[in-house]
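Next come two complexes, and both contain chain A; in the first it sits with chain B, in the second with chain C.
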Partner chain A sequence: MSTSLQRGITTLLAQIDAPVATFFSTCVHCGLCAESCLFYTETQDPKYTPIHKLEPMRRLWQQEYTFWGKLLKKVGLSKPVTDEELAEWEPLVYDSCTLCGRCSLACPVGNDITYMVRKMREGMVASGHAPEGLKGATQRAIEQGSPMGVNLKTLKAQIKHAEKETGLTVPLDVEGADYMMVLSSAEVADYPEIISAVTRIFKQADVSWTLASDGFEGTNSGIQIGSSDLAADILGRIVHAAERLKVKYVISPECGHAYTALRWEGPNLIGRPYPFQVIHIIELLDELRSSERLKTDSVDETRMTFHDPCQMVRRGGVIEQPRNLLKQVAPNFVEMPDAGVQNWCCGGGGGVSANHRAERLRIKVFSRKKSQLEAVDAKLLVTSCSNCRTMLLDGLELNRMDVEVIGLTELIADHLTDNAEGKAS
Partner chain B sequence: MDQELLLWVRGTGLQIATAVFVLGMSYRVLHLLLLGRKPSLAVARGSEWAGGLRTMWQRSFMLPSLSGRGLFTVIAGYVFHVGFLITLFFLSQHIDLFRAVFGFGWPALPRGVIDIAAVLAIGAMVALLVHRFIDPVKRLLSGFEDFLTWTLSFLPLLTGFMLLRNIGFEYLTLLTLHIASVELLMVVAPFTKLAHMFTTFMARWYNGAVNGFKGINA
Partner chain C sequence: MKEHETLEQRLHEQGVSRRSFLKFCAAMATMMALPPGSATAIAAVLAKVKRPSVIWLSFQECTGCTESLTRSHSPTLESLIFDMVSLDYHHTLQAASGHAAEQAREDAMKEFHGQYLLLVDGSIPLKDGGVYSTIAGRTNLDMLQEAAEGAAAIVAVGSCAAFGGLPNAQPNPTGAVAVSDIIKDKPIINISGCPPIPAVITGVLAHYLTFGALPALDDQGRPKAFYGETIHDRCYRRPFYDQGKFAKTFDDEGARNGWCLYELGCKGPTTHNACATTKWNGGAGFPIEAGHGCLGCSEPKFWDVGSFYTPLPAPAADVTAFAQAAALAGAAAAVVLSTADRAKQRRAQRTRQKLTVSDLKGE
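This part shows the complex of A and B:
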């Protein structure tokens, strides 16, 4: 057995805890999880059945943790997990799973399949079977500080631009601020409008905040590839910056997986609780709205709908907040079928967007989003994850659909009361 | 079939089967529980227990929006489980046996209701088996254990129904077969996916606990 395979198997076995063993023990092979996964529904290919994506891990569990499995292994009747098999499973574990969490809500016996895929990836990456695109993104994140290669220089240029546009100062490295804002790579690279938007909102709401020059990027490819060590490294920068600046809160950006990384996985990755709290930008905006610190004075009459990022609703619990905010500025807001906890993934979560090999499949399964959108005939699609935003723009363009996409924070900023100065025209 | 065999399955056989079932199932459940899981260091937004208990309960009553084949599985699954449980817990002979051992019982359902439940459960099981062969997803997931557990669950239902309606063999033979098939089921259950009769609730708890912790009402 090669050392990398050995490492992979050891890692996989170490991932088997009470929930994983219970889930494998309980699966009745009913196949219902297939119906909840867009990779199955849009292709009808049985290999995309969620629980099937875990087959090598299931056999390891059976061989090491069950009576019959151990017996069969002793007498040489069980099929060992091989390098070839893991290589064959790589596209199933990475390309056809966005860690969207839908299957975990559908399984009748209650299996949290997404939890297992996340764990299976730890073994896959340890055995060397992770997609090149995701490996590259993670390597860039470790070496250059960002999966998309943005750096402090890029950020400073965007800050300068935002300051010129708003006529306000964008605070950087302000010690003792209440909130430290983190951005996603995509925001710094492709959607810098967000910096102007939060600057104006926080000015109006009188929020004490800052960006940090040594921890401004929340995208965590370490989690997506499934390496807790690398994920901890990447996350450590934010924790370090927040501790250095002694902030009370870290604001997670409009990026679903960054929220999961910061809010739920983070303390477990670094092995200790944070000395600060984590809040999603949309949660914060909704708090400001309900305490009447965030005021809007105009509305957008466009027929619009909201795409719930998986990591915000199903895996994150931020469900009502975006709707409260939308109600304030969008009188013609309509819900797509399955909106909220059951919303369908954009197709590019969980590292799929960084994995070039997965592109064709991702574009194929966009058909689900397309039909959801067609059902409501909206002209504007609002979301609160910059990765979803890119995936949606891509899918809409390829399907020649005439729908615009905007981030919720920007939409709110466009309607702030008294925003005459610096309003983006 | 001789009297002696019947006596054995009713006596020693049943005792062995019960012991294996209780000890095996306890071992299985404890073994799973003791594997443990790391408590999260993140700040909770809600309660693990509330979420866990909610999912344990609610997952029994879901009818998600499904396509035809999914809907078939859910409906046939319900019919089988409900039918099986009705015949198991509400047939007067079963209650009498229970009363003989534990000293108390509960009212039985009329024979007609039991007959219908049994027929429906048998029909649903046959349909599910056929579906397991023809549905590509189920075929991919299925293995020896799925057919073994199907057979072991089917035999008690079938022999029980034959016994009630006097079909096939003479009474004592059928009774022996029925009891023996139940014992076989009890002996094998703890070591196969049939353990889901208990572990389902654990799986749901773990799943729901994570959601409860995060404050997701799902």
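This part shows the complex of A and C:
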């Protein structure tokens, strides 16, 4: 069994549902989605018009599911989708789309273009037209448990380190805990401070929580490459672990697509409802803050701003929570232009960061983030997605900008009331 | 001949304020459905432009078109037309007469060869060597051909110049034809109507001066901005038509209630013009508001399509039953087709092979 054009076409035919048919038929070709797309605004190349990225799927829909399309195809006036065409579209569907959802928001007739790009990727991967980097990441996610090759051994080393740093116990595989924390591979590998941070916060707030040895990795490359089959496999581990530990909540980490996978796509992927609820770490922290279980006693005077991860604001609606938290510790917090629901993507979401071929384009379109940052002249950039964080660090360095980047959870943990007693030494 | 001064100087001399001028430009931009910013563009260009030479030839006509323009609610924005152009020849309006008048025309043609605008009202008789209408001993045909040769563009003002009009109506004893039947090698813009709306001709001239080109035209050579929609489409009585409320005579209850005049022969549905929106006499109204149907005067052959009081042909049979059957058949076809499509999608979902990690490696 291997990938082929026919397999891709069959997959696309299965993917074209009533919403897709409605969106294609109601598109008024106004081009507003172009102006909303980072890749168009920064390059001015019309091929990056979001709806254009779906052209092969649109034609397939027309030829297979509409009266006039069938007729045109029959008399040879509408050419069939070819393997070469899909190959040509691969960079448009993967390199120049971060599934950021800005186009869906801009569409005046309400077409969810992002939803369609996600579906288009199903056909692309089935026809063998997915980027090598993303294929490698997905393969590692399935075979080794993590796209970045992080395994239980790595996690245990980081847990040990955090326990030493905080003097607290990091719970692992505690059955019957209220919350099960999931991490992203970038957090385990590059930002392990998050483990100490949540340990200290949950200790102060008296939250009953645990990590799971068989379900700690939240990053879902299956969603990014666009394969529901593989995404379900990856997600299944978390669901299984949560069911095994009988937790009430699963906490999504500071990772955009992990949140989308867990919170929005999850039950559809596994085909049944969850026996638990999913909450983003920032949502939980804000809940703890409003119920006065999370207390801070110091502030950071640095002029700082917040980068909204696309999956949190646009796909998830988590907009006010990070700001409530920031208000508590950052008196010199400033908003970037277009902050909140209209914030611009870091450029590396939706699998673009794992796709080496896309790197040059990703760095080019960072110009938008650069100008957003320059407008506020902040010294510290806070965000709540580890992938955004890596992309931002990368872009800032290449542009020689003197701005620090930090995760929101860590920032909050740094100002906890019992900060001093929590630290071992 | 004196140097043509700019429009701004000319307006200033005549005591027209800049405010009135800008209002005029905004009105022009609005009427021609141009983007909002173009009012300032029009103002900037018009203020600086050298007033072009205009030669106005009147052939088989009734002077109604000139009257429409000059008698329009004064002082008006439309009257500015005469400030926008240097009217070098117009045998009704000019002071000179006889040889002096013809001399003025010849001088303008020579001096502004290839640049002047030629405005024509009235049709041109061709029968019997064109003897039915002559000026200074020359036939209209001869004069038109001579003047057209050096014109930048020709504006056919009124239905006679645009389509032949009344002189062309059956049995057409003089063999009258439209300008476009004779001149084939110049841009011609038809401003039809009997008479045409004054603002339309002003708008076209403003467009020509601002952009250096004629506006977009419809298949009858008329500017789309003014002739793009029918009287019926923009008629204030249209809701009554949609509700099936018609006046049956000119003095019945329906007529008093202002119902639709379709059955009294209104030609609104087939007539393209801007009367219903631009209106007449300083916005006072248009024929339908006075209780009379549209005559269709801006359409070709409007004299020859039957009585002004004969209703436009409507479907003779009751179409309701047919429409219902067609709707049912369409709905049935849609159900059949969409069921087939659904089956196709389900088949694809069934036959689709599950993607595995070996597929990723298999490349």
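Operating definition for what follows: the second predicted complex is superposed on the first by the 418 of 425 C-alpha atoms of A that agree within 3 Å, B and C clash if a C-alpha of one lies under 4 Å from a C-alpha of the other, contacts with A are read in each partner's own complex, and residues count from 1 in each chain.
The rule is short, and it goes like this: contacts are C-beta pairs under 8 Å (C-beta built on N, C-alpha and C of every residue); 3 or more make two chains touch, one makes a residue touch a chain.
As the structure is a computational prediction, the values presented were derived from the model and not from experiment.
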Inset, instruction - Assess the superposed three-chain arrangement around chain A: do chain B and chain C clash, or do they fit? - result: clash
Inset, instruction - Would you check which partner chain A:Cys27 touches, where first means chain B only, second means chain C only, and both and neither mean what they say? - result: first
Inset, instruction - Would you sort A:Asp17 into first (chain B), second (chain C), both or neither based on which partner it touches? - result: both
Inset, instruction - Return first, second, both or neither, reflecting whether A:Thr138 touches chain B, chain C, both chains, or no partner chain. - result: second
Inset, instruction - Considering only touches as defined above, state whether A:Gln224 meets chain B (first), chain C (second), both or neither. - result: neither
Inset, instruction - Answer with first, second, both or neither: which of chain B and chain C does A:Arg314 touch in the superposed model? - result: first
Inset, instruction - Once the structures are superposed on A, label A:Ser146 by its partner contacts, choosing first (chain B), second (chain C), both or neither. - result: neither
Inset, instruction - Tell me which partner A:Phe67 touches in the superposition: chain B (first), chain C (second), both or neither. - result: both
Inset, instruction - Would you mind checking which one, chain B or chain C, touches more residues on chain A? - result: B
Inset, instruction - Check whether A:Ser2 is in contact with chain B, with chain C, with both or with neither, and answer first, second, both or neither. - result: second
Legend entry - Identified clashing stretch of chain B versus chain C [55-63, 145-153 or 163-171]: 163-171
Inset, instruction - Would you tell me the residues on chain A in contact with chain B in one complex that are also in contact with chain C in the other? - result: 16-17, 65, 67
Legend entry - Contacting residues of chain B [partner chain A, same complex]: 28, 31-38, 40-43, 45-46, 55-56, 59, 62, 64-67, 69-70, 73-74, 77, 135-143, 146, 191, 193, 195-196, 199-208, 210-211, 214-218
Inset, instruction - Spell out the residues on chain C that touch chain A in their complex, using ranges where they run on. - result: 337, 341, 344-345, 348-349, 351-363
Legend entry - Residues of chain A touching chain B in the complex: 16-19, 21-23, 25-32, 34-36, 40-41, 46-47, 49, 51-52, 65-68, 104-112, 115, 263-268, 271-274, 277-278, 313-317, 319, 338, 341-342
Legend entry - Residues of chain A touching chain C in the complex: 1-3, 7, 10-11, 13-14, 16-17, 64-65, 67, 125-126, 128, 130, 135, 138-139, 142-143, 227, 229-230
